[in-house]
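Listed below are the structures to be examined.
Look for chain A in each of the two complexes below; its partner is chain B in the first and chain C in the second.
Moving on, here comes the complex of A and B:
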């Protein structure tokens, strides 16, 4: 049986590990040179790789994953620096590109472990040099030993906000402020469920307490106003507190993000249906608890199948591999599957509490000022999307996301809506007085990322 | 935008050129790091006239960090390692 695994983050590594243990030698494809995914991405050769300073509390977990990854490479058809840019589920074929060279990989079963990226809400000034996603700020530090600026403000919500602020301060960066759009009370209410997270929850509390002890400016329940600056960068962030007072923090860089969203474009191209997960406020590909999808031969694992975090990704990776093996008639020890399913169920309860503690602030996207640049790829402003939606609605059925794309180019740019898609859907829903599930989602197009035209045209 | 080197900042030096101007960088830098830790300030101008851009996601997803590398074409600065002697133009 020919199995392909796409992605070498926590989910991909554990999937391949289980397949290899069953005697298979999968084709294993990753866009990066060295695997690890975003969370356990390693610095390029030449930089020190001290796990303790790079991954903090997760050092042991990261090292274990890297060791497994490196041990597995020679035992499968390892293809680093390779982008899967299209998938043909009928022919069971992945289209790949490596260093300008095209290839096709056929599979009987494919496990897609494509990960996640930051979910952002545009605000005035967010395209200035010096503004990055929270994940970007972390990657700069982790893999390049760099801070995104001299004085950094972190803005958004979610566990990553506190973690990255902590990592920056610990590394010696000047953290000028941590601005959480979630009010304290929302988080406090979720505490009983968060306790299920045990060590993960304890670590989160530790980061917050550590930042407070350091005297770092922290505000909760904020409304971001703007990122000020000029063409050469950022000079300040302005925001409004819960009591309605306006504030300003001088800084030269901003890391922003409101949780994560699945990078599920390949599942989409494979024709896996999607559902809107109201708790996560994300569109997620449909799969069962083991990672099977309604599309024959396609399995999903990790954050690309719905946000669960690195620990859950390792479990879902192993679980999807077990599903592949089960479906191929391998005899498995039922104790292994049952134990894994039990751990996944308890993690799901913690995850739900986490989503309640840091809900996606849809109201901020909906309230975006008309002249705010919404789509950074196509230079489209929020007001232009609203006006176009009104005009379209007046002449026909209420527009959904893909029609909006046709009449405004939102999501048609170089990132294909990865960055602004979530906020754009909220704006449309508010303007047309309907829900995000009614607005629908942007459908993926091959290639999943821009590739050289010559490569695309080649057979 | 100026990236600040906090750790591991004494690696072997390499030199690239951005629009003809020499840029001092370090082995192991991505193009994005090499340019923005030096004084390039930004990577490209938005084609819609709304100002300069310097990348956003650093994970190969947003495509806002494109630069042109002589002989290799348009590349994502965040996902390409800098090499000694590279000739770069703003994307």
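Moving on, here comes the complex of A and C:
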């Protein structure tokens, strides 16, 4: 049986580990040079920083994953630096691009561990140089040992906000402010559920306490106003506090993000149906508890199958591999699967509490000013999307997301709506006075990411 | 309960929406039934070429009529659907292809279609970005391109304003004719009846015809389309080649839209996708025509479903089995430019009982 695993983050590593243990040698494809996923992305050779300083509390887990990854590489068909840009579920074929060369990989079963990316809510000035996603700010630190600026403001919500701010401050960067759009009370209410998270929750509390002890400016329940500056960079962030007072923090860089969303384009192209998860406020591909999808041969694991975090990703990766083996007629140890399923169920309860603690602030997207740049690829402002929803244009109203894309080009550019899609959906839904599930989601179209027009076929 | 009207239209592509508009303007009570949203298949996802040059000679009278409507689309529906008269440059990559271009000049002349040859020297002087493979071209100054995503919705919106009842998400699941009236039932259980039925259902028009005892050999056709990231604007004319294995155009915003070959489709769902190897083949042919495209990124690719007839021209005209039934489907990849004109011509056929446009080559019983 030929198994392909896409992604070498926590989910991919544990999936491949389980497949190799069963005597298989999967094709293992990753976009990065050395695997690890975004969370445990590895520095380039020669960067002399130890795991402890790169990964903090997660150093042990990161090192364990990297060790497993390195041990598995020679036992698989390991293909780093390779983008899977399309999938043909009928032909059971993955389309890959590596070093400018096209290739196709056939599979009997494919486990897609495609990870996640930050959810962004555009605000005035968000495209200035010096503004990055929270994830990108973290990757700069982890893989290059550099900060995104000298004086950095972190803006958004979610566990990553506090973690990245902590990591930056600890690495010696000047963290000028941590601006959480979630009010303190929302987080406090979720505390009973968060206790399920045990050590993870404790670490979160530690980061917050540590940042406070260092005297770093922290505000909760904020409304971001603008990122000020010019074409050459950022000079300040302005925001409104819960009492309605306006504030300004000078800075030269901003890391921002409002939780994560699955990078599920491959699952979409594989024709896996999606459902809207109200708690995560994300469209997630449909799968069972073991990662099986309604599409023959397609299995999902990790954050790409729905946000769960790195620890859950390791478990879902192993679980999906077990499902592949089970479906191929391998005998499994029932104790292993039962134990794994039980741990996954417990983690799901913690994750639900985390989502309640840091809900996606749809109201910020819905309140976006008409002249705010919404879709940066196509230069579309929020007001232009709103106009398309109403019957103002000669084309009539756009009643759903893909029609709005057709009329306005929202989500039609280089990123295919990966960046602006979540906010655009909220704006359209608000204008049409309906819910995000009602207006649907942007259809996936190949390539998953841009590919060069002149890519050669592999010999 | 059955809703009645003068004319029922099945299919909300460019032809159907244009027919709804023209019929409504003539005072007819029209109901158009569309399975999804208007312009969802071939009319909405095609290349966007508004091209007359190279059309089958039989199609040219329709193409001329349609071009006249394209020219006043802004007045007719309130938007020009980004129709831009860039000219269409058809390229020859060999002597044999050049001979084909020359031969077509006579066809164009017969139909008053402005067309001129661009010879071996002039082609590289006038279009210095063309690759060495190109030996000659023929240029149709009246041709151009438009945004297919806007045409059908704009026609439908104008048709509604003129009084037509355009129903989206209304999939027809049953057809009946009692000798005087057609009755169509939708998936939602609604019934619609009229003495006239216009079948403009694209590939699925074949099934409608079959329901009235005149099946035709139609097959699904899925154009394989892709678009690049935006680049500085330099390719003004809409480009094609003899043989048609690649076509490309650049919009002023910078993106290059290119097509060639066919994707895969399942018309029963309906579902369609471009094929990776076909996209890369078209991309390679495109860089041979315009070498400056090498290294540019493709950001998106797509397909849709059209109907193709064995002789590559559509079925247009009255039914041979059922009085009151009219067909216009199976446009074989030519429907976008022809659509607005088809709507006007079908309205004439239905209201006046005649049209000046010769339709004999398109009769349904020709197979």
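Basically, the second predicted complex is superposed on the first by the 447 of 459 C-alpha atoms of A that agree within 3 Å, B and C clash if a C-alpha of one lies under 4 Å from a C-alpha of the other, contacts with A are read in each partner's own complex, and residues count from 1 in each chain.
The rule is simple: a residue touches a chain if its C-beta (ideal position, glycine included) is under 8 Å from a C-beta of that chain, and two chains touch if they have at least 3 such contacts.
Computed from a predicted model, the values in this text were never measured in an experiment.
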| item | value |
| --- | --- |
| Superposed partners chain B and chain C on chain A - clash or fit | fit |
| Contacts of A:243 with chain B and chain C, given as first, second, both or neither | neither |
| Partner chain in contact with A:44 - chain B first, chain C second, else both or neither | first |
| Which superposed partner A:396 touches (first chain B, second chain C, both, neither) | second |
| Partner chain in contact with A:199 - chain B first, chain C second, else both or neither | neither |
| Touched partner set for A:450, first chain B, second chain C, both or neither | both |
| First, second, both or neither for A:414, with chain B first and chain C second | both |
| Greater chain A contact set [chain C / chain B] | B |
| First, second, both or neither for A:406, with chain B first and chain C second | second |
| Smallest distance from any CA atom of chain C to any CA atom of chain B, in Å, after fitting | 5 |
| Residues on chain A lying within both footprints (that of chain B and that of chain C) | 413-414, 450, 452 |
| Chain A - residues contacting chain C, complex | 85-86, 88, 90, 95, 102, 104, 269, 271, 391, 393-396, 399-400, 403, 406-407, 412-414, 416, 445-447, 450-455, 457 |
| Chain A contact footprint on chain C (complex, rising order) | 37, 44, 77-79, 149-150, 153-154, 156-158, 160, 228-229, 264, 271, 273-277, 279-280, 283-284, 286-287, 293-302 |
| Chain B - residues contacting chain A, complex | 1-9, 11-12, 26-30, 33, 36-37, 41-43, 46-64, 66, 73-74, 78, 81 |
| Touch list for chain A against partner chain B, complex | 31, 38, 43-48, 53, 117-118, 127-133, 135-136, 139-141, 144-150, 171-173, 231-234, 252-253, 263, 373, 376-379, 413-415, 418-419, 449-450, 452 |
